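Next, two complexes with chain A in common: one pairs it with chain B, the other with chain C.
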Partner chain A sequence: MVDVTERAKQLREVAYYPGCALEGSGNGYDVSTRAIAHELGLKLRDVKDWNCCGAMEVKNIDPKIQTYLSSRVLSQAVNKTHNNVVMAPCNGCYHNLKKAEYDLAYDENSREVVEMLSTKAGHQTYEAGQAETIHALDWIKETIGVDGLRGLTKGKLAGLRIANYYGCMYVRPRHIFPEKDKGPGSESTSKPHFMDDLLAAAGGVNVEFPLKTACCGGAHTLSDSDMSTKLVLNILQAAEASGAEVIATECPTCHSGLEMHQIRAEKRFGKKTNVRILYFTQLLGLALGISPRKLGIHTNISHSLDFIREKGLT
Partner chain B sequence: MRSIAAIERRIEEIQAKPTANAAGELVGLGEEVLEHWICARGETPTHAKKEGFRLLALHRQGAKGDPSFNACRETCRELIYHYNLVTLEPAHSDSVKRIQLAALVAKHLVLFVGGKMEVAGLGEFCCAAKPVRKNEAVAS
Partner chain C sequence: MPIHEKSLIRPENITTHDELVIEGVDVSGHWSTFIESRVISDYNEAMEEEIAALPGGENIHRCWQCGSCTNSCTVHAIEPRFNPRYWIYLIRTGMESELLRDKDLIWKCVSCNKCTYACPRDVVPEGVMKATAHWLEMKGHVPESPSMTFDKIFTEQIVEHGKIEDTKVLMQFLKRTNQPLLQDWLKQIVWNIGMRTPVKWGLKSAWNFVFHPRTRGWKKAGAAIQDYIIEVEQHHKSALGVDKSTAANSNAQQHNLHAAE
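Take a look at the complex of A and B:
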């Protein structure tokens, strides 16, 4: 049994794997994650010379290559960054590192492929169990905790009605997340609540949102844009019907999909929605008194600055 | 069996004019959507119930051998949850709002399953652009 305090101490300094999306379209997520880490006294050590996790593109062509690519990230964290806890805020990266961990633990063929490619590439082969991958939600929840955040934020988000949108890759498939569904205190794969818990601690009012893990159509966005727009529009409308003013996100693909298709839904289908879209790290940053600029809110596609001012969050 | 487009239209009608007795119809529409998916896989839709609902049994049948179909598992469960809310407390002041939300949930199911049927069998965990690329390759 791990002592909770020891665990919190261990996670105060983690290997940080931003992944490709956070260097591009999801830059606001990266900036706000680093800003709150600084504010909370948590240390992020970037994984040295990291590479793509394999995302969806590689996985659909050759899943073993995806396993290898993710295993190299984990190898770099353990052997070059010297930290065996990898924090990945992107749902796609988080999912893929978890999947690689699972494959390497249970699939002999995956181990052989990873061994062969690692040797060829000239780096140490990652072996299952050498590192632990966590999400940004786990990281905040386990280091600062709900009570800690409540004390630090002093209800700054009071009255802000939030729909927490987790997307699909944070919880699926269940078997690659053995630490979830372990009863009180653990995350749930059917009704995730870590983001709800953190934002409620900052004073936010979480609305009952029925599509919190529904598909955003991210993978369809280029092959069938109308389908993605319809799925996103439905999520936005459901959030508004639930009474939300803001959708909190924790995945750069979902986030940019929601933002882009919110605009496209109006242009293509004449359906306008007004719900705002912000990363949960941006909302927590505002609650901690960090300026919107330092949280990269101005880099989001959708415009939220007036709304933030109106709500007295600056 | 109605077409996917006809089911979507009917859900939109309910969404626009929600009435307290539409909860059962929305669950039925959800079942029809899943029947489409199961028939497209060459199977006969079950009439069994899981946890008291055919919708959940149909989802389980549809996900057998295709784990990516679990991406709509919670959507099915949310639809049942809203059905329960409305039918157990029909006089509740939020009943109309609950029907509206149930309609949005049902619509997500239609959109998701309809989208998946277009790319069925391709992609490893999630949906993929593979069929489009394949068609492009054939065309060129």
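Take a look at the complex of A and C:
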């Protein structure tokens, strides 16, 4: 058994890998994650000179380039940042680092290519098992925990009806997440619940939302926009039908996809939806009493400030 | 339309004749509707092997046609003609002409990996879709898909800088696919951000747009990746038997297609 308190102590200082999206369109996610860390006294050490993980695009040129890109990030974390727990809030980054870990452990061919490219690039080759990748959800759950949050937030989100949207890359494919589906206490890949747990601890009401792990069409958000708009509209309408006032997200691609196609659905298909879209870290930040501006809520594409005021969350 | 409600007879194969007499028997009119039989004579026996040689297609031989992939597919729910199970069947049996009927659809896979999650045989249907889309492009059956254009822009930025800058990806993509920059929904987004965004963040974004964010010490890594891409491309070309002359041919074809559009 892992010593829970020992583990919590270890995770109080982690290597932080924001990734490209959090520096650009996902700014609100980055700002709110840092604000929460500051509020809770957790240390985030930025991975030194990180690069893009390859997102969903590079693998279509060649999957091994993506494995290399992600392995370089892990190498930077282990060798330059000197921390072997990497926290990646972006689902895409989290997924790719996990996938690289899996490929390096089980695929001889990937190992060869990664070693060749690492040598040419002049940095230490990352080897499977040197680091552990965790998501922002794991990080908060394992450091502060549900009970800790309950005490700190004093039920500030009371009555707020939330649909938790996890997306694809947090749970699929199953084999790259060996720590999931391990029974009580662990995350489930078919019915994920970590975000539900955290927001419920802050007083939120989680609605019965069937599309938790549906796809927003993020990979083709620009190249096949009509498809993405239809997929997003489905998610937004299902959330409204479930009685949700706000959708909590945990991925910058999903988040900006939902916001962007909410507008596009109205402009192109005449389908207007009013459900609000916020990062789960922004909701947790509000519950901890941090101001909306410090959580970057005003930099989201969709308007939520009036809604937050109305709900008395400022 | 659910697959069990779909007609197996294609409309173009149904014919009626206003006046037709065969061996003294009058077979004119609606009551004597003919169904032309489908004849497939030219099997492409190399197709499965070629697709298996491209990244993602490696496990196609494991498929036992249970249909879990199509059943769980995100795109299939919106576009019923998107049918990974059927395409895998066509590839494995070598029915190229049948596969080509859906050639403009196959690139639409959104990589949600629901099929990979559901597949009991580890076929990785998501990978097979990408390999098939790649195969269609390399063989010159289709012009470069918008998705591939996007992937290329993305990868180019990473090779050059180590990171991407999302506004730049968006602008380059719209430019290369000949789309207008001022689309109604894009204007709305820019307006939304512009109305509320603090000056500081606006300046930071503008700075990032002009001076692309880059990874320190990236030069050698970028060069190594670029070399590797060229090597892999060459490898794929020889696996598919697409030598220079046919490649030029397909380029010309693509050019004609673009011109026709």
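Everything below uses one rule, namely that the second predicted complex is superposed on the first by the 314 of 314 C-alpha atoms of A that agree within 3 Å, B and C clash if a C-alpha of one lies under 4 Å from a C-alpha of the other, contacts with A are read in each partner's own complex, and residues count from 1 in each chain.
Methods note: a residue touches a chain if its C-beta (ideal position, glycine included) is under 8 Å from a C-beta of that chain, and two chains touch if they have at least 3 such contacts.
Note that the structure is a prediction, hence the values are computed from the model and not measured.
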Return fit or clash for chain B versus chain C, each positioned on chain A through the superposition.
-> clash
Contacts of A:Cys168 with chain B and chain C, given as first, second, both or neither = both
A:Pro210 contacts which: chain B (first), chain C (second), both, neither?
-> first
Counting residues of chain A in contact, which comes out ahead: chain B or chain C?
-> C
Between chain B (first) and chain C (second), which, if any, makes contact with A:Pro63: first, second, both or neither?
-> both
Return first, second, both or neither, reflecting whether A:Gln237 touches chain B, chain C, both chains, or no partner chain.
-> first
Could you tell me if A:Leu97 is touching chain B, chain C, both of them or neither one (first, second, both, neither)?
-> neither
Taking the superposition as given, does A:Ile308 touch the first partner, chain B, the second, chain C, both, or neither?
-> neither
After lining up the shared chain so the two structures overlap, which partner does A:Gly54 touch, if you call chain B first and chain C second: first, second, both or neither?
-> second
Return first, second, both or neither, reflecting whether A:Ile36 touches chain B, chain C, both chains, or no partner chain.
-> neither
Segment of chain C that clashes with chain B, given the candidates 38-46, 92-100 or 110-118 | 110-118
Residues of chain A at both interfaces, chain B in one complex, chain C in the other | 56, 59-60, 63, 168, 172-173, 214-215, 217, 219-220, 222-224, 227, 230-231
Residue numbers on chain B that touch chain A, as the complex places them | 67, 70-75, 77-78, 81-82, 97, 100-101, 104-105, 107-108, 111-112, 114-115, 118-119, 122-132
Chain C-touching residues of chain A, taken from the complex the two chains share = 20-21, 23-25, 27, 49-52, 54-65, 68-69, 72, 113, 116-117, 120-123, 168, 172-174, 189, 214-215, 217-220, 222-224, 227-228, 230-231, 259-260, 263-264, 267-268, 298-299, 301-303, 305
Chain C contacts chain A in the complex at 55-56, 74-75, 78-79, 108, 110-114, 116-117, 124, 130, 134, 145-152, 154-155, 158, 162-167, 170, 173-174, 177, 184-185, 188-189, 192-193, 196-198, 201, 205, 208, 213, 215-218, 220-221, 223-225, 227-229, 232
Note which residues of chain A are touching chain B in the complex, please.
-> 56, 59-60, 63, 168-169, 172-173, 190-191, 210-211, 213-215, 217, 219-220, 222-224, 227, 230-231, 234-235, 237-238, 241-242
